[in-house]
Structures are given as C-alpha cells and as structure tokens.
C-alpha cells in the first residue's frame, strides 16, 4: 500500500470505523454509566449508523466530502454533547479547507488539528478537562510527529492510536471539569472518559483497516 | 383454675390474644402475600392495637362488653375484608345476646356459633371457600363437642385450637372462592388462607393464656 | 423497598394533610377522608377504597367529580365508620351514591356503611365498578374487579349529579357508565406496601403478568416480555373479545400507568391503541394518558375503554376540576 | 429492566405519535419535536432537551406554555437541526426564546441551533435553567444544572409571551423566573435508559443520594435512608441556606416525583414542606404535587420553590393548558 489512501479506500476505511464504533456500544455505555449518564454508546451508535448509511449511499469526489458527510451525519442525528463534538471532529478539519483527493499523514494531522481547535472553542474545553480532547490532542501530536518524520499513513495512525490511548489513560487521573463528570469530584478519579475512549476506538479502527487491507 | 373465667381474667386473656396476633404480623403478611395482597398482617395489627387500647382503657361489667368492645374496635379501625369479618367474629356472638359475667365452654361455643352464622351471611361464604370460616367452623364444632362432654374451658380451647388448625390445613387444598385468592385458580392450592391462620392464632393464644395462668 | 414515609400508622393521615395543602380552599379533611368544602344541593357522589392507588381516590374529589372520598389503609377497604362520615358529609338530603371497585373488602365495608346511613335516614345507593375483564370471564361478570375504570364512572356520576338529577337517575347513569367501561391491565414488576420490606409478588426479569390486578391479583397468564405493539395488540384483542365493539362506536380511552412505567412507554402504547381503534372504525372521543390509578411502584399499565352514547358523551364533556384531573369545557 | 417499547431507535418517534393522539387538534409533529398547530403572532417559546423526563418537555407545550419542544434521545440533547426546525416553526417574526436546562450537551446543541437560526434572520435568545442547588455551590452558579424548575420558567415565559411583550421583555421575565427558582432533589433508586439492560447507577437498599441529578449525576452526599420529615427538613434547609428567604416572601411550590416514588410519599413530603414554609412566615401562592420532570423509573423526588414578585405572580396566575399541566384562570 502507498503512503496515502484514495477516495474509495478512504470511504471503506471510514465505513469500517463506523462499524467498529457501533460494535463498541456496550463498552462505551459502561464507561459513560460509571461517571456520566450512560448514553454515550447509544449516541455514537446512532451517529455512526447514520454516517454509514450516507457513506454507502453517496459518491464522493473529494476526501473532504467523505469526512464532512460523516461529521454532518453525526451532528444531524446524535444530539447530546458528543453529537456536536464528534460531528465537529470530522467536519471542521475538512469543511471550507483545501480540497484533496488523497489522504496521507500530513492531511490527517492538519485536519484533525483544525478540528481540535474547533472543538476546544465550541466545547469551551482544554486538555486536562477529562474529555475526548485529552485523547485527540495526543493523537494529533503523534500525527504531526509522524508527518514530520515522513512516516507512512499506517505508521502514522499506529502512533496516533498510541497517543489516543495515552490520552484515555490520562483521563483516569483527571477530575471532570465539563459535562456530567464535573459534579463527581474525586469520585471521577480512576474512571476513563467515554468520549476519549471513542477517539481511541476511531483511530484504532482506522489503523486496523489499514493493517487488514495492506496488500 | 375453675371451669370458667371471670371478667378481669377474660380481659387479661383478650389482651394477650391481641398481643399475640400483633406479634404474628410477619407470618400473616407472608401468607397474605402468597395468595392475597399482603395487607392482612397490617390489618390485624391495626385492629388488635385498637382493641388492646380499649381493653386497657375501659372497665367492663359483662363478658359481652369485652367481646363487643374488641369487635367494634376492629370494625372501626381495620378496614379491608378482615375488619368487618373479624369484627363480626367478636361482636355478633355477644351483641344483643344474654348478658353473662363468666366465660365458659358453653358460652364460647354458643357465641362463636352465632358469629359464624353472621360471618357466613355478611361475607356470603360457606365452609370450603378458603376463608377464615374454614377454621372457625371446625373450632366451633370442637367447642360444641367439648361443651357436650362437660370439658373445662382450657380443654375446650385446646380442642378448638386443634379444630382451627385442621381448618387451616384444609384451606391449603382449597381453591379460593371469595376475595383475592379467587382469581388465582389452581395456583392457590398448597397455600393456607391468611384469615384462617388468624383464627387459629386467636384460639391458640386464648389457650396459651389459660395454660400460663392456670394456677 | 425504601418509602418516603414517617411512621407506617400515620401515612394515610399525613397523605391527606399533604393533599389538603395543595388546595385548602377546595377541600376539607375528615378522619380518613376528604370532602369538598362547598356543599352542593344535589345527589352526593362518594368514592373510596384502599389507599395506595393515588391519585385515586382522593385526587378524584373535585368539581364535577366525586364530592368526597373515604380512604382505607394501603390496599385495604376503608372502615364502615370512615365511609359513614363521608356519606353524612356529602349528603344534602338528596341521597348519596357510593362508587367503588368490586372487592370483597370494599363490598363488606361499603355495605355496612350504607346500612348505618340508612338507619340515619340517608338514602344510599352503590355502584360497583367491574371494568377489569381479566379478573373473571364474562360468565362470572359479578366477580370482576374494578381498576382504572373508576375514573370514567366517577367523572360521569359527578357530571350527572351536577345536572341536578334525582338519585335514581344519577344511579342509572353511573351504572351505565360502569357497564360501558372495560379495562385490561398488565404488570411488569412488583409493588410493595409501605412499611413492609418485601413486595407482595415478584416477576422475573423477562416475565410479565397479563391481566394482573392492581393489588397483584393474578391475571390470565404469566408470559414473556414482548414488544410494545405486540403487548398492546393482545390487550386490545382481549377487550375486543369481551364486547362486540363495532364500526362507528365512540369511546373515551385511558392508558393508565401503574407506577414506575414511564410516560414515554404509555405514549408508545397509546399510539398503537389509537391505530387499532381507528382500524376498527371506532371513533376516539377523548384520549387520556396518565397515572390515575396506580399500584405503588408497580411496573405496568392498563387500557380502559368507555363506550359512549349521546347521554354519556354530553356528560363526559362537562367541565371537571381537581388538582389531578381537569376537563375544560 | 423491562420497558414497554418496540425498537430502541423508534422510541422518540413513537412517543411523539402517541402524544399527538392525545390531542390532535392542538399539536403538530415535527421530525423530533412537537409544536402547537395554531401559530400565534408573538414571541415564540421553545423548550427541549433529552427525552426520558416525560411529561417534560413535550407535555409543557400548550396554550400559555411553550409553543414547541425539541426532543433528543433519552438523556441526550436534541440535535441542532431538530432544534432549528422547532425554532423555524414557532417563530412568527418576533423572535424565539429557548428555555432549557444547563447541561453541556444542551448548551452545545442549542447554541449551534441559535447560530443556524440567526443565519436565517431569526432572533434567538436562550434562557438556561439552573435551579438545582445541589449541582454546584453558589460560587459556581454558572455550573448549576436545570431540573424540575423548568416547569416554572416555561409557565412564566409562556404567560409573558402571550401578553404580546417584546423578545427582550419576555427574555427579561424568563431570566427572572429562572433566577428565582431553586430546587433540591433526592434519589432513592436507579434509572434505566430504554434499550439498555443495566441502570446507570445503583443505590443500596438503605441508601439514598442527596442532591442527585435527573440523569443520575452525583449529588451532595450519599447517606442512609431516613424518615420523610427528616429528609424534607434537610432538603428545605438546603434551599433556605442557598437563598435568604424571609418572612412575607411569596412562593410557588412544586413537589415533583422522579418516577417510581408514589403520590402518597410526595404528599407526605408536601405536608412537611408546607409546615416549614409556614413556620418561616413564607406565603404559599400555589402548590403543585405531581410527576412533571421524571427520570425514568428513578425513585426519589425534588422540591422546587419559585420566589414571586408582583410581576411574576400576575403571570403565574394566567391560564395555561396542556394535557399534563392545566392552570385555570
């Protein structure tokens, strides 16, 4: 496989991501039940199901299209905090940005960086607030490093997964400062953030798709 | 002890009966929960508590007074099917009957027989309907036999307890035909009737009081 | 089971006191009852029964509804003397109609109360509600219990009495309302009497009892949990089998929650109820989805149909008010 | 946990359909929302949030109440597009006020909806309800969540809009209503999201959580179950400590059930609430005891106080109607 994906490959990868997130519903439910209200798994399932349908239905002429379609589907169908936040994660990095027809590490690093800023602004959160941002920020960092080192996409994603995973682990030590974990105080310690877990699952399944389709 | 009780003794005995029934609340609750609505223990407790208060408060000049006071307290405070039924059990045998100042087997046999008829009429029940009547009818039979044989009160009550107990056992084999066990059909089989159990407890504690106070 | 109470023996008193706070202008407290403060020169309407089904019965005392309610302990009929006190209070010399569900304990106590009232020269008629079609087959109609259908009968009796009709007329109409009301219930989970530790019955996590009564009386069958539409279909078919509803019939519909079943679930059931009635060409005059006749924290619901004719419809439309049941003109 | 539903993904749709059956004349269905059929020439009042709290929010769409509600999945804020659809529908050119509880998800979605609406030239103001005094200390008022107090704010906003006031005036009054509303809740048992097997949290048989939120958010403390009067006293004192209520103040009181707690228990609590307010010389203008803002089958309740001034009182007294909330003139 090349150092980049073309449009049909990216669509395939994103479909796989949606499917994997949907399959993680029980895990996400359990995590959100521990320090949230238990609906994160349902929400992600709803959003990914809608995105999957759109990815199956549409023809895409740019990579931007693929990601903005995914993001819009989520904003349109999910609701909850994660609808806007995860919708923004897929949408903002490619919406009103230069159009591209291939996906490589640079593009991924740049676009998720843009999304990260949009999320921080929308959600009024910073790293350390025990949200999905804690996973995303480290994933983006790893993508940047990888791009810098001229890594292949698969390698870059492998690093991103590692970053996201580290972010998830870090959320365990944090007090919640937004959303419903906020009022838990000390009781939130030891529990990982649900949204951060979703970020990790997203990067992990991107990487897994590349692993499985690396011919 | 003589073959009869005087007024103070009868008051003491009835107070003991009330206390014993109250202490049986968990048992009666459990039985009524199995094939009824679970409130029989509470009902009997309410009624016996009220009767106990009246028995403590009042001076009595006849045996009739003692029993009618007990019955009226129950009707006034209990509610439910058992309020009227158990109220009638204590009331009807002595209300508008010849006044007596001692209680012996004959009086007991005659008065509970009268009550039995009143209950059958009020409750529109017959023996075999899986109610307290099944216990009462056999207890009354035993009291009559005992009276016939010139038995002492304690002996008569011992027989009545035996009759009541047999009645309780018989209710286990019966289908419910009134009240809430009615709709259970076959499922009522194997379960004893709550009201019948109360009748047994009442006679048992009368007898026990005599045992303990037989000097 | 945790219950927010003080002493078990005080729950009825304290409940009545708390109810009176909601509307002190409207109500007056009796020993174990609630009556309208304003005495109206008309046939008195009394309802009552065991407590534990709130807002029934006290919440259905109001204008255009019952004039008073006699309240027993939880799941236990009120005493004859409590009932008598309410009878005396709501009688304005034109007689009193007692509306209550057909339960052994209620019959015993209301009958005795009526006897006591008659001795005081108060005419007293009883209307027994027997809407629960699951409680006995049609051949044993006399044995049927009363559940949420009480609401319809109280509403219509109250409206009829407000018209200034005679006790015989009000009784005739109330009886018609009772005869025209059919309900079917289902239980999903158990109920606990305040002060007792254990529930009166138990249902497994995948089990429901079809036709269970509001005190946990057994129903028609214990069966597996099913989808809302399937459950509703079975419930409606039980009602349709009990009475030959036909195209053009007009009904009022009550979907009633028993306690812990959510309004969302009731509305989902209501959707199917409406679909099925429409398919049969039955017109829905009025549709209510609420918790009117509960059974502690029991999970489950009942569906009640009131078949209307012109007379009942006109009375149904009359305004009524209590804090728990409002019908605007 | 058994729930009477069909497919989890259809519950919101089917609930709305079932709700519309109750009053087809009054309401119209949107994708994930409900609006009044009759469009009024006034500031539009919109409410909404996650579902699962029924009758809130859809049951508070009505005359003199909200003009529309946007509904999310259970415990999840509605999407910006669902909200936008309701905004567009209730706007008559005079702008729209969105009333919702202060939750991260709701803020994100209602904010985005407002941005989209502004792009279409619809003026849109948001009033956030932050009545839950247990959700954050006074020093972090901005963090407080909204619970049953929504009811008061919707009522007053609806009445103000009906007066034909400008959007700024309606917003000012709604904000005052929100600022004047304080609530405190307690949870006795857990809540389960339809479609999930396990409840979101658990409480031991002798435990309660004082101050728990309506999605199971942790409160002030986990403590042992206590008598109704003791619990009520602690709850009222929490409110009294949060605001210096004084003799002569006038309040409306809502004792709200969360789901499986019975009306009897709520009334017993209400009795003590009334006693305590009277002892402090606070006048109770209106007292409501009902299940308005539930949380699935959660056991527990909340107490809400709305502090009234002359302006708010006049608006509070205006008539309102929905099948779940009626205020007669």
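Some observations on this one:
Lettered A, B, C and D in written order, each chain numbered from 1.
Convention: contacts are C-beta pairs under 8 Å (C-beta built on N, C-alpha and C of every residue); 3 or more make two chains touch, one makes a residue touch a chain.
A quick note: this is a predicted structure, and the numbers were derived from the prediction, not measured.
Within the contact network of the assembly, the step distance from chain B to chain D comes to 2.
Farthest chain from chain A (centres taken as the mean of C-alpha atoms): B.
Centre-to-centre, using mean CA coordinates, chain A is 33 Å away from chain D. Computed centre separation for the pair chain C/chain D is 29 angstrom, with centres defined by C-alpha atoms.
Distance between chain A and chain B, defined via averaged C-alpha coordinates, is recorded as 74 Å.
Annotation: 54 Å between the Cα-based centres of chain A and chain C. Residue numbers of chain D whose C-beta contacts span two or more other chains: 74.
Multi-chain contact residues of chain B, defined as those touching 2 or more other chains: none present.
With chains as nodes and touching pairs as edges, the resulting graph is an open line. Which chains touch which is summed up as A-D, B-C, C-D.
Residues of chain B that touch chain C in their complex: 29, 33, 37-39, 42-43, 46, 75-85, 122-123, 178-180, 182-185, 187. Within the complex formed with chain C, the chain D residues making contact are 1-6, 11, 14-19, 21-23, 51-52, 54-55, 59, 74, 188-189, 194, 205-206, 208, 225, 227-229, 231, 259-271, 273-274, 284, 287-291, 294, 296-297, 299, 301, 321, 323-324, 326, 328. Taken in their complex, chain D has these residues touching chain A: 8-9, 50, 72-82, 103-105, 108-109, 112, 135-136, 143, 145, 193, 195-196, 198, 200-201, 213, 215-219.
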